[in-house]
Amino acid sequence: MNTVLIANRGEIAVRIIRTCKKLGLNSIAVYSEADKDAYYTRIADQAVCIGPAKAEKSYLNIDAIMTVAKVYNACAIHPGIGFLSENSDFQRACEESGIIFIGPDALSMDLLGDKAHARQLMIDNDIPVPMGSDGEINDYDEAKALADRIGYPVIIKASHGGGGGGIRIVHDPEKFKSEFMLVKKEALASFGSESVYIEQYLQKTRHIEVQILADGHGNVLHFGTRECSMQRKNQKLVEEAPAPFIPESIRHEMEMCAVKIAEIAKYKNAGTVEFLLTEDNKFYFMEMNTRIQVEHPVTEAVYGIDLIKGQIQIALNHKFALEQKDINASGHAIECRINAENPEKNFAPSPGRIKSMQLPGGFGVRVDSGYADKDKISPFYDSMILKVICHGQTRDEAIAASCQALSELDIQGVDINSDFAKTILKHEDFKTGNVHTKWIEQVLYAQVFKKA
Amino acid sequence: MNTVLIANRGEIAVRIIRTCKKLGLNSIAVYSEADKDAYYTRIADQAVCIGPAKAEKSYLNIDAIMTVAKVYNACAIHPGIGFLSENSDFQRACEESGIIFIGPDALSMDLLGDKAHARQLMIDNDIPVPMGSDGEINDYDEAKALADRIGYPVIIKASHGGGGGGIRIVHDPEKFKSEFMLVKKEALASFGSESVYIEQYLQKTRHIEVQILADGHGNVLHFGTRECSMQRKNQKLVEEAPAPFIPESIRHEMEMCAVKIAEIAKYKNAGTVEFLLTEDNKFYFMEMNTRIQVEHPVTEAVYGIDLIKGQIQIALNHKFALEQKDINASGHAIECRINAENPEKNFAPSPGRIKSMQLPGGFGVRVDSGYADKDKISPFYDSMILKVICHGQTRDEAIAASCQALSELDIQGVDINSDFAKTILKHEDFKTGNVHTKWIEQVLYAQVFKKA
Amino acid sequence: MSNEEIFGIINYLNSLSFSEFELETGDLKIRIKRDSSSVKYIEKQPDEAAEATPQIKIEEDNNKPSILAPITGVYYQSSAPGEKPFVKVGDTVKEGDVLCILEAMKNMIEVTSDKSGQIEQILGTDGDSVEEGQALFIFKGE
Amino acid sequence: MSNEEIFGIINYLNSLSFSEFELETGDLKIRIKRDSSSVKYIEKQPDEAAEATPQIKIEEDNNKPSILAPITGVYYQSSAPGEKPFVKVGDTVKEGDVLCILEAMKNMIEVTSDKSGQIEQILGTDGDSVEEGQALFIFKGE
């Protein structure tokens, strides 16, 4: 293998291209017309336009991407994050063309991508899930009876949902019927299937996830936990590794559970098992993401491993030389996502041209940026500009280092959320772990924006 | 302790301030008039002017610095690199004022700072040194007889020399007398003492050094080797850790030797023992630097340790919790020093204002810069702008990552040497270890500048 | 790349739904537009050219009141595909009524009217992008 | 900081050899110059002010030939402290003769004459800094 096509854009494309360079691999970037001259296209060995700005016509255009891959003799395709990364048709298209897809098999993707099915699979294998339906539940009367039995609030989810869509929380039994019908309608419109399932809605939970790598030769390794509860509208803002304030035995159980799930799904390549963790430290399977994640660098910082390199090696059929006992965590890492948005204006997106860009640096500081100074941030895609990842020997050090790094970060030309991130890092609740996935919206908002 | 004064400027001041922040310590920057508004003064908690641009009147002005330290209630002073960092009078001034000097005791400094004396100390303790005088040798007839016995070329060095000054290599016995007298005269003028010593001049040697930390409680730890042979006019350009192409047994001997030297000198805090390594893998003590070094980040990358934090902890009388066997190296790291100079114009210095500055980043890439975008690089001090440190699992990965990082680095407004650094990294001799301390000047120059 | 390969690609692309396709190898740049199926060898243009394309800031026609795009984004006439448009030509709207949605960076931003009046002209096309400051709606003059 | 402390420092500084000393605490900035020993409370000035100080580019006087500093740095009249100056007023030099040394970024850069002639005026002061483009030597007119 010597040429990798990166079927993505922005920061994750930069990330993947850099590891390709390190490994001596050629990289091909593909771009939409809106991303002409984007930073990742400039650092790739080759860059090819695949269509207009709208993702459906470019980054989601399997035919266009496969054509470029063939013409440019790509040996492998890395799908990155989002876009086609969890699309099993794309994986199959690669396979049919004899191009290595750097990710799991279509079979695992489909197995875990249908969330009602995944839920059933977990139940069958004694993996804890929140109370709810056995797999999908599409009959209203059955659903209502189950919801009444579970107790409210309940959550209705589209089986094929994703990206925070197709989800409704029902607090009032009276409203169950209308919401149930609404989710089914939305699900059909958005995901092409009206299949839904029901779960008890667990409150004040934390989002804890476990990174795994599976080599496809029967070896599954985990790389510990990440805490991702700092979310706004289901978008993570600050992530850390390892997840703090969890009893060691529970953490270990979650890790083992993630390995077991990967084994059950005959999983290959990098994946993440997401759990809900309640205040009394009970955890429940939420879903498994069959791709690399935005927050992967915190795991890399703590384990000293290049997960993108790991993905490429697995795709090349490498067998792990290490065993779980050889894998050791060291210290604590925090990632802050810096977005082009204005928290003081209700997080209004702020596309535009970067006029100047001063990056932090030094010991234990890593910056992964999708943009260079003077680049234009287009309105067509997500608002993330860069990520600042800080590593410290302790969590306190990682927090202090992150605050310092954010203080040194200076971007002019667009609004960014770095002060908001610092507000989180310096908050007593964050320091003491008194948080949950709705903490930013329910607690921090009221404090930060109380004068607004 | 809560306030540290940094008696330095530029990149190393930034480096130290950042670690202070991480540890929750206040930092006081001191600056000359030429460094008003320098980046390090902006990120420090406080910044105080200590005099005009000329270092003798500011950064070397012990009285001014001690006054600031007292007025601002500094609990400790970090001397950084160069300037007063190896000045035992400064250490004593701190001690007399009850301010912690973050570095070794005056006694160790004096013991190792007098190079003729240090040489004698090594001989007494069976540490290998190049053939030469027993300590200083100031009588011409004795010196000439010794030089004839050793064989030419011989090297005449000022006992109190430093920074590449007070050194003459004599190839021709006829010229020995004039050169001997010249070094004595220069030594008196530059270092206040005409004491000199003589050594055999070993050719085609590599500069290999060992990083040590000593806690002053009898524990000395080493953090492996660094290769620093890529020099131009005695200024290091590219450094790496661990030193490659050395038999494991020799590397181990050098490390043990460095520890022994620190023990002999009753050394405390961070220090570096520099060795010459011949083509047939014989090593000789050159000198010990009683301070942190510019190239310390390659060791940090490989050992995952913050050496500045280590220095501060030792100064606070922390006792090591770890033993040598707990300290493990991982992978390979390379540092490239990026200077404001133009290699194509005989490395002419290029002071001026930075117009734009695009920094590399990502997994395994660390940037330590003394300047921010739009900053002015003054002609009064050294030309280093920043350092790019890349870590890889193998040396090849570290080289490829460094080349990529240097490709992404873009500074406008002043000339920089990044292409020259890339030329080194990509050279077959560098890749295969076929280098020595004069390789850049004797081999690379001829190839790179042959058309000039 | 051989001509054969190039034309192979063109034929293949011709069957697909996207409207433009660019291929760059070395100095050669091929741009294909689906509507004409024509192949043009065009010069590479610097980024600045793209930037210089004037933002379509339609001046208020005969002093007629208009609603401008508050942000660069994709224009949607309705709350979801298949739903009926928020407004149509001839509708009378009042201050605060939602006129359209602009999608920017995955955010759906409702554009509301800052005045009352009758809509004379709708300038946005569903699913197309509009530039910040571009007129979206023209109202009847008072 | 109390006045007592401030004056303590001033008295102390007064005994030292450096010519300027600045102290900043909050909005207060004290600048002491040794020659006057005066204490001035001065306003902080932005960096741009410092930059705006005009580079002393002395125009060639009456079209007299001059030698300009090729780089910003510290001017040295001789090869080492105590050595005799490379040139003095009235000396006749020829093309290629070393006239002075400029130290920039720890590099010693020899400034050589690009012409022959007699030196009428030396504008640099040993050990002081000169700006790039500043005249260092004025030659007698031809």
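Note that the chains are named A, B, C and D in the order they appear, and that numbering of residues resets to 1 at the start of each chain.
Convention: contacts are C-beta pairs under 8 Å (C-beta built on N, C-alpha and C of every residue); 3 or more make two chains touch, one makes a residue touch a chain.
Since we're looking at a predicted model, the values are computed, not measured.
*Asks:* So which chain is farthest from chain A, going by the mean of the CA atoms in each chain?
*Replies:* That would be chain D.
*Asks:* Measure off the straight-line distance from the CA centroid of chain B to the CA centroid of chain D, and report it in whole Å.
*Replies:* 30
*Asks:* Quick check: how many Å separate the C-alpha centres of chain A and chain B?
*Replies:* Roughly 43 Å separates the two chain centres.
*Asks:* How big is the gap, in whole Å, between where the Cα atoms of chain C centre and where those of chain D centre?
*Replies:* 60
*Asks:* Enumerate the residues of chain B that touch no fewer than two other chains.
*Replies:* In chain B, nothing touches at least two other chains.
*Asks:* Find every residue in chain C that makes contact with two or more other chains and list them.
*Replies:* none
*Asks:* Once you've mapped the touching chain pairs, tell me: line, ring, star, complete or other?
*Replies:* line
*Asks:* Looking at the whole structure, which two-chain pairs count as touching?
*Replies:* Contact pairs between chains: A-B, A-C, B-D.
*Asks:* Which residues of chain C touch chain A in the complex?
*Replies:* Answer in residue numbers: 1, 5, 9, 12-13, 16-25, 47, 50-51, 71-74, 80-82, 103-107, 109, 127, 129.
*Asks:* Taking the touch rule as given, give the residues of chain B at its contact with chain D in the complex, in rising order.
*Replies:* Its residues touching chain D are 33, 36-37, 46-54, 57-58, 61, 63-64, 67-68, 71, 189, 340-341, 347-349, 351, 376, 379-383.
*Asks:* Given the complex with chain B, which residues does chain A contribute to the contact?
*Replies:* Within the complex, chain A touches chain B at residues 14-15, 18-19, 21-24, 43, 297, 300, 304, 306, 308-309, 330-331, 356-359, 361-369, 372-374, 392-393, 396-397, 400-401, 403-404, 407-408, 410.
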